[in-house]
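Note that the chains take the letters A, B, C and D in the order they are written out, and that residue 1 is the start of every chain.
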Amino acid sequence: MKISIIGAAGSVGAPAAFYLAAKGLADEVVMIGGRKQNVLKQHAMDLSTAVSAMDMVIRAGDYSDMGGSDIVINAAGAPQGVIADRMEMLPKNISLCEGIATQVKQYCPDAFFITATNPVDPLNYATFLAGDFDRHKLIGYSINDTFRFKEMIAKAKHARVSQVDGLVLGEHGSSQVLLFSTARVHGQNVSFTEEQKQSLRAGVPNILKGYEELKAGRTAGWTCAIGLEIIVRAIVEDQQCVIPCSVVLDGEYGLRNMSMSVPVVLGREGIVDIIELDLADDEMAGLEKTVATLRPAMSIVETSLSSANQ
Amino acid sequence: MKISIIGAAGSVGAPAAFYLAAKGLADEVVMIGGRKQNVLKQHAMDLSTAVSAMDMVIRAGDYSDMGGSDIVINAAGAPQGVIADRMEMLPKNISLCEGIATQVKQYCPDAFFITATNPVDPLNYATFLAGDFDRHKLIGYSINDTFRFKEMIAKAKHARVSQVDGLVLGEHGSSQVLLFSTARVHGQNVSFTEEQKQSLRAGVPNILKGYEELKAGRTAGWTCAIGLEIIVRAIVEDQQCVIPCSVVLDGEYGLRNMSMSVPVVLGREGIVDIIELDLADDEMAGLEKTVATLRPAMSIVETSLSSANQ
Amino acid sequence: MKISIIGAAGSVGAPAAFYLAAKGLADEVVMIGGRKQNVLKQHAMDLSTAVSAMDMVIRAGDYSDMGGSDIVINAAGAPQGVIADRMEMLPKNISLCEGIATQVKQYCPDAFFITATNPVDPLNYATFLAGDFDRHKLIGYSINDTFRFKEMIAKAKHARVSQVDGLVLGEHGSSQVLLFSTARVHGQNVSFTEEQKQSLRAGVPNILKGYEELKAGRTAGWTCAIGLEIIVRAIVEDQQCVIPCSVVLDGEYGLRNMSMSVPVVLGREGIVDIIELDLADDEMAGLEKTVATLRPAMSIVETSLSSANQ
Amino acid sequence: MKISIIGAAGSVGAPAAFYLAAKGLADEVVMIGGRKQNVLKQHAMDLSTAVSAMDMVIRAGDYSDMGGSDIVINAAGAPQGVIADRMEMLPKNISLCEGIATQVKQYCPDAFFITATNPVDPLNYATFLAGDFDRHKLIGYSINDTFRFKEMIAKAKHARVSQVDGLVLGEHGSSQVLLFSTARVHGQNVSFTEEQKQSLRAGVPNILKGYEELKAGRTAGWTCAIGLEIIVRAIVEDQQCVIPCSVVLDGEYGLRNMSMSVPVVLGREGIVDIIELDLADDEMAGLEKTVATLRPAMSIVETSLSSANQ
């Protein structure tokens, strides 16, 4: 497995590079960065020694070094400052992602292409349009929302997180849909009062707020490392397991021309299935709301792309 | 297992906290920091979600939260800037480490106490003197030198690092002793010409230099995460395996009143054996040189401690 | 962990001893047998060398060597010949199991006590009565039925077994209840026509028949090794996961004074919860039928015990 | 990975099939047997359910089902009764192994071919001659001797076996050479008095005797399962690690036209290196003795083959 990581000196990219290597999921890791090439090189030097006992090749490189990659992870991003909503970053990151898509198209068009850059849903769609890729190998990284939903359920039901199941649909952002119908503890369905649901939904925007208020100068890189390992392992080991990912839709849930989180079955060949869940009424309403939030962003992406192509 | 990490927002502490948690080696991790408490809290929040599926308790805390720790890792350090030799940091970090030793003595005197702060040899000795700890549970982190020695051997012998063995003795610094007599490839002894040895020894100071020249604002945190996991696993799983660590000597190699790297047998009860290798003549000479380098630093530690105790 | 296995030279006991040891779940394994002590000793000698790299103590022993066991596995059984129904073995194995229960009561009354001997439901109940044990640490081994139900679902739904969920309730025997309401593929509910259900239910007795017709002189020991490892791992690692086990009921599902398979939450402290599923109408009918099948066997057990105690 | 096992219902073959499958080293396992096809089928049925959660294909088959195998393991053997020396089995097993070699040549000539049948050294040589195979993919299974040598060292040196190293050379039989020069505890060389060496060497024939006296009707199948897993894993994961195996020599140790145990470096491509150790004087003498023991057996093999080819 050859894995290339763009933005590999960042607070998402570097922990991801480390953890994927430490778990033995790659033979070769190419780390690609932005302006601070010195920082990138230092990370590559450090990581190379860290995993030296596994005989991997770890190196700093540029886009042309991506050739032959099985998986590309895009964790590049413009400096973010303190934001109230991930959507604020769309103008800054859209051309960045289009440019990266062009490079991947040139050097490793058949690789899996995982985008973490925010806002992840429109940017996964932008990548799709810019590179005309097979959507079955294009993944927007959004699993953190599901991790946090499970933490909420565990707290509400006084259970261990390890014993909890649950899934989030829609935007990787404030309008995400908590699917209470998928909540399970010890494999058993659990129910929530309308009040409980409201209160948990109301908590979603506070999570980002809680991070941003701390002004730490980094994002949730440890969580992303764990989630990216789950996704990459599903691919490498052909696990065919269900993972929530932002994917370009083509009729699923009655939607097209957009990307958002849905449960997908992921394996060595790509996304082999998109699971269309039976949604409860309030979940259908939530879906409509999240689509309404995402549509304008998708339009911006389409406009940006078509002007770029003129 | 309860593990407390001091300096847990740093470039050594944070990856260590992440990796020890991700590998399931703790039930509880307390992250203790310096001035930037916001950064520390953000790391704890992130890491807590990252490993939520394992039901661990991860939290930012202060020294009083260390009570009941099985293992304490000290990765705190004064801002380092660009240095030419780790010994430069002794004046800045000596009272820091003494202070931490006092806290550990108060809250969890029986814990394993691993020091990563540089210069690690005199600071492990300072910790010993300041806290009057059992030296069998005091470990100075120095395994990176051995990782790098193996990389050198692999390169020199055109072998895979995974197939190479070798050990470094003495200072975690420029005077370290590369034990060519311990070098093995595929379990077989390999020999080096005098010229090869000279050239590899000459390369040692260039490693730190290579890092420092990049001015990346971080140290070899990924490598330390891997090495600290090896040490912590040896303890938790009572592996009784041989690991090079800086330890306070009490007659071994004819030395006392100092700490330096030697091969130790490590398990759940602590250091159960210090292996006294038969050294070749040039290795004996190297040992004398490294001791000569370390002695003055040990004197500074003793002086600092006795003045503190007046 | 100290694990004692009774019937450890048998086609269930020996593979279980091997696999539990090979997976590193014990520090000590005591193998106890019946008449052929030479075979038992040969297995112990072989297994001891097999796992020698893990420093375990493996030895043939007698009941008095069980002292201090954390887990006892009863895989002893009278020679079985070719049977049409596991219940045929009740008269032959009832006093065997009572005798073993008395030994466990004497030497390690607080150990987990897992019974594999058939018919497992009445014999787990006999063990309970004979030893007056805490029912939360008494487990009848019946998970093979659930393995086979998953294989059926996978075949019927053209899915991989790894992607299938499903659970069996009631007797470890022909009257077992296939819970179609718990059947899931890729985490999604799947439905079965009445015809499909009938045909799958009708297949249950053919499984035993298929084995017996081959007259191989051994039972499903490899499957039991895998299932026993799952149970023992749940205990050792305190997994608190859901596993179908035959347990003595005390009001759950409206039943008492009997043992049968139900989903339990299992961890280091024992059975921490018995999950009472909402059953579909046909499943309720199935439950009544399996209880009707088991009741007479439970009466035989009670009679045998009370006459033994006079 | 497709693995075919011949003699898969035997006391070596069946545990090997189980453990290789349970460790996830194959996608497909073909089990081939001798006369008792019912026993073979029962094992395959059982094992197939045992590992059903891993979606493997496990089935009883005949030689034509070996097509496409990556690895073939020959654990077939004539009924052994009670023997004093493995060499007694040569007349009974030589044509059996030649026949199997012909089948492998026909159906999967490029597979790794591991022979466990005794006497393993002449039979690996017979396989080589009968099938004209590439000797780099032909392995005679003999690692049990090294396991037992490590147990001896651990006992003599009061160490844990996990901390011991050591290697055996030559015949898988009474004339095997215990290489005391390779004995290490905690990675350190250890020395033995001449008396100790004599006593340990004298113990070698007693190991087989100890097994045979028990008349258990089975051989060391659990130990072989562990050792075969080590060999198969080295191949599957391309570990390039050192393992003692019986291999056809072509000048190594000054020997040709024979097979005996030597340390080999094993990986996905086969035996990439045969390590020629510097032997101590008494070890050289031992080597001469073991070669003298093996030569006549190799002659018998050559005679048998040439008469078969007339």
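Of note:
The rule is short, and it goes like this: a contact is a pair of C-beta atoms (placed from the backbone, for glycine too) under 8 Å apart; a residue touches a chain by one contact, two chains touch by 3 or more.
This is a predicted model, so every value here is computed, not measured.
Fewest steps needed to get from chain B to chain C, stepping only to touching chains, is 2. Separation of chain A from chain C in touch steps, taking the shortest path, is 1.
Residues touching across the chain C and chain D pair largely coincide in numbering: over half of the numbers involved belong to both copies. With every chain reduced to the mean of its CA atoms, the largest distance from chain D is reached by A. Averaging Cα coordinates per chain places chain C and chain D 35 Å apart. One inter-chain figure worth recording: chain A and chain D are separated by 48 Å, centre to centre, where each centre is the mean of the chain's CA atoms. For this pair, chain B with chain D, the centres built from the Cα atoms lie 43 Å apart.
In chain B, the residues touching two or more other chains are 160, 162.
Applying the touch definition to every pair of chains gives A-B, A-C, B-D, C-D.
Chain D contributes residues 160, 162-163, 165, 186-188, 239-242, 263, 265, 273, 275, 277 to its touches with chain B in the complex.
Chain D contributes residues 15, 18-19, 22, 38-39, 41-43, 45-47, 49-55, 144, 147-148, 150-151, 154, 160-162, 210-211, 214-218, 220-223, 225-226 to its touches with chain C in the complex.
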